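Presented sequentially are two complexes of chain A, the first with chain B as partner and the second with chain C.
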Partner chain A sequence: MATITERTKSEVKEIVYSFFAEECEADIEQINDNTSIINDLDGDSLMFLELIEIFKKKYNLDIELKVIGKYAVKHPVATIGQLIEMQLLIIEHENRLMELDK
Partner chain B sequence: MSKEVVISGMGLISSLGLSLEENWKNIVAGKSGTKNITLFDASSCATRVAAEVPPEFEELSRNYIKKRAASQMTRVTRMCVAAAKIAVADSGIDFNQLDRTRCSVIMGVVNTGNSSAEKDTTLQNTVFKTMTNSMPAWISLEYRLMGPNFAVNTACASSAYAIAFGYEMIKNGQADVVIVGGADSIINAEEIKGFNALFALSVANDPPAEASKPFSKNRDGFVIGEGAGVLLLESKEHALARNGQIHATIAGYALTSEGYNIMAPMKDGEGMAQTMELALKNADIQKSDVGYINAHGTSTELNDRYETMAIKQVFGDLAYHIPVSSSKSMLGHTIGAAGAIEAIITAMSLRHGILPPTINYHEPDPDLDLDYIPNTSRSKDIRVALSNSFGFGGHNACLVLKKYQE
Partner chain C sequence: MISIKKVGIIGEGKMGTSIFFYLLDFQFELVWFCSQDADIEKLTRQLERRIRRLFDSGSIDQARYDKLIQTSITTDIDKLQDCDLIIEAIPEDIAEKKKLFHQLDKIVNPEAIFTSNSSSINPSCMMPKTAGNRQFAGIHFFYPVPLKDIAEVTLASSTTALTCTIIESFLNTIHRRYIILDEQNSFILNKIFLDFQNEAFLFVHNETCTYYQMDQLVKNNFFPFGVFDFCDSVGLDTMLASIQNYSRDYPDKSNYALFIARLTDLVAAGKSGVKTLQGFYSYPMEDITSNDPEHALEIIEHLRQTWLSSCERFTALSSVATDRMNHAIKEYFGIEHGPFEKC
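Coming up: the complex of A and B.
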């Protein structure tokens, strides 16, 4: 279980913003936490999985995709801000993510 | 009440060009798109030539398809989507003005080209790159179309089948617009070696441009081509109501199955003849009205012999007065895309009154004695033309196209 620092938050936000700007050919200045991934950026659900892979490597996470899948069904993500929040929860709780719902 | 079905938009990407105009210019000039293979190292293959889409396609693709979507498509799927966007632009149609639940996509897809020659395939995009419904799916996504969208696979007749199904939907009032066509590339080591093992491909590697020689005595197999052909179909009233252009009319078609052999056509072209006969009957066209046949014309021993016999069986003495040519002499065999690409060429022939040639026709086969439009295109105003497609597995298709007259 990792401790989320301000530096982690900043890193995650920067990676997520850069990822969407690059993949969706969007101006990073136009992206904010309220930006809709589907409606504003023409993004897709696969991007969520690709970001998880990026964070798994970066933070050496012990997390199974099925755990994230179960959590995401109960907590759908629509905006960039929501996605960042979920990534931070994944980094913090890894395979114990579902325990948050208990 | 059944509706008259017209072609109001066309997009074509092939070895001879990245636009309809460039392709048509090169086809009329009788150019060959066959060159040495560059997409992979073909030095270990008996066949080392193919009709590849020019590398400038990558720039065209970037102009038409967003990076994110492109990363989930194979090169062939990108060809299909780009050709669809060209066809839609050519038609001038604005989907915002239409009921999208009445707009459909049907593509002939044998495979998506996620082969050893494909680049940038990862675990995360391999499913999207491989699934054979991806071509119609991406096109429907692009325009948010919500009518039926699906792929049909009948080998080398696939995109002709797609056109036939699209025709039915328009004719019967099930859709207002149907985007039909196909794309294919089997220019990769495993499929070339596989077709070489069947003795289906030409091994006349030098010079490449002369390898595909349909109906010639020295023909020795087909040359693989690649590309995409997409057509926009709608009813004549629908096209006219929005002041759309009309390239040609589809008068009818026939689809048959031979139930005979997984590779060889029925002896003496019996199945091919039945298909053409039925297509003419379905389209209510007199044989004497047929002014041109765009043949399947693969440059294989059996196809060209049997297709010639079939044409003679259907048309009798008239056969000697109907010009027949093979676009595959110039573009190679584009497999799943061939039916659509050749329907487009047939429509252009009707519209412009120019019949494309069979190039590399220098050694006539004494047994094949029709007018194959040897080597040079011909000006001739025609009213009706047939486009034949015959696939491994006994899948036959014949489309009947008519010149559009106001």
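Coming up: the complex of A and C.
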């Protein structure tokens, strides 16, 4: 189980903001934690999956997409802030993510 | 036996997009044929970014990058002519699908296999009368494709064993497990869920509980999603078309009449779910506080029996091996234990 430092939080936030700014062709200055991924950015779950792949590589995570899929259905993400929180939980708990619900 | 080298994906909706981007990870040449309304330039930029990121991260080499960057996203149907496999994923409109396949049949290599990702229309209903020996089948993927390791293959009576083998080989190549169904027993997973959805709706209709209370009961006792938030997410127009298609030949179709009537009213009022910001719920959803309804245990038990009985009935009808169905049901519902295993 990884420890989430302030540096990790800041890295994750930066990657998520940059990713959505590029992928949704939006101005990064207009994105904040309350930005709705679907309504404001026209984003979708494919982007979410690609971000997971980026974080898997960056932090060498042992996490199956299936586990994230199950967690995401139970804890739907609507905003950029919620997505960052979920990414941090994934980095922290990896394949033990579902144990958070027990 | 022909091997699938070039795949044409048709439709830029949720499913078409999900299938296209999933297939990028495999060694096929792809053509993505989109409607005239699609923003081809935007989709192309999205694709180029994705390919560049795959290359930058070391997931693909230069040769694969050079090949993928040639991928065609187009509104020109002629670009599909030398495909070996077509996967159609346009909206659930039988007339539009028929028209499309009629057009494709005149253009595309006669050896190519035509498949539809339809969630409710059998392949034989889409075949043009002039199709001759053209091979048709259904390959019903589930959304999002990378996360749902299951596909339903529906064979028309004219689908040959060779075509079935080619489709199986294709699905094995793209790492999707599958169940093979005939047209009488097609879309079995949605049909299992429909029985459950219908019973859940009747409880709400009879004022035993609210939509929200029912969804909470379902999430706490059955699946990771509720019945009505699932419908809103899929789109009530799509749900309505599907249920009408499924129940058309059911001897007990009147059982679904109230659910169909409610969906019809909502769709007619422009409330098609999340995409229109209104459906069974309004979006964005406000926080709702709610207790369990009275008789919650009886409701849960009734729904459990409905679900188990549907799983058993449809599995028996389909003749799919129990372990395959068990896996398919687990994937579809996102649950740890299927109906045919002891926990």
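In this section, the second predicted complex is superposed on the first by the 102 of 102 C-alpha atoms of A that agree within 3 Å, B and C clash if a C-alpha of one lies under 4 Å from a C-alpha of the other, contacts with A are read in each partner's own complex, and residues count from 1 in each chain.
Note that a contact is a pair of C-beta atoms (placed from the backbone, for glycine too) under 8 Å apart; a residue touches a chain by one contact, two chains touch by 3 or more.
Being a predicted model, the structure only gives us computed values, none of them experimental.
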item: Chain A as common anchor, with chain B and chain C clashing or fitting; value: clash
item: Partner chain(s) touched by A:25 [first = chain B, second = chain C, both, neither]; value: both
item: Chain B versus chain C as contact partner of A:78, first or second or both or neither; value: second
item: Which superposed partner A:70 touches (first chain B, second chain C, both, neither); value: second
item: Touching partner for A:50 - first (chain B), second (chain C), both, neither; value: both
item: Residue contacts with chain A in the superposition, chain B compared against chain C; value: C
item: Chain B region in steric overlap with chain C, selected from 153-161, 261-269 or 279-287; value: 153-161
item: Those residues of chain A which chain B touches in one complex and chain C touches in the other; value: 23, 25, 44, 46, 49-50, 53
item: Footprint of chain A on chain B - complex, ascending; value: 66-68, 71-72, 124-125, 128
item: Residue ranges of chain A in contact with chain C within the complex; value: 22-23, 25, 36, 38-39, 44-46, 49-50, 53-54, 57, 65-66, 68-70, 73-74, 78
item: For the chain A and chain B complex, residues of the former touching the latter; value: 23-25, 42-44, 46-47, 49-50, 53
item: Residue numbers on chain C that touch chain A, as the complex places them; value: 14, 17-18, 21, 42, 45-46, 49-50, 53, 57, 59, 143-144, 146-149, 219, 224-225, 274, 284, 334
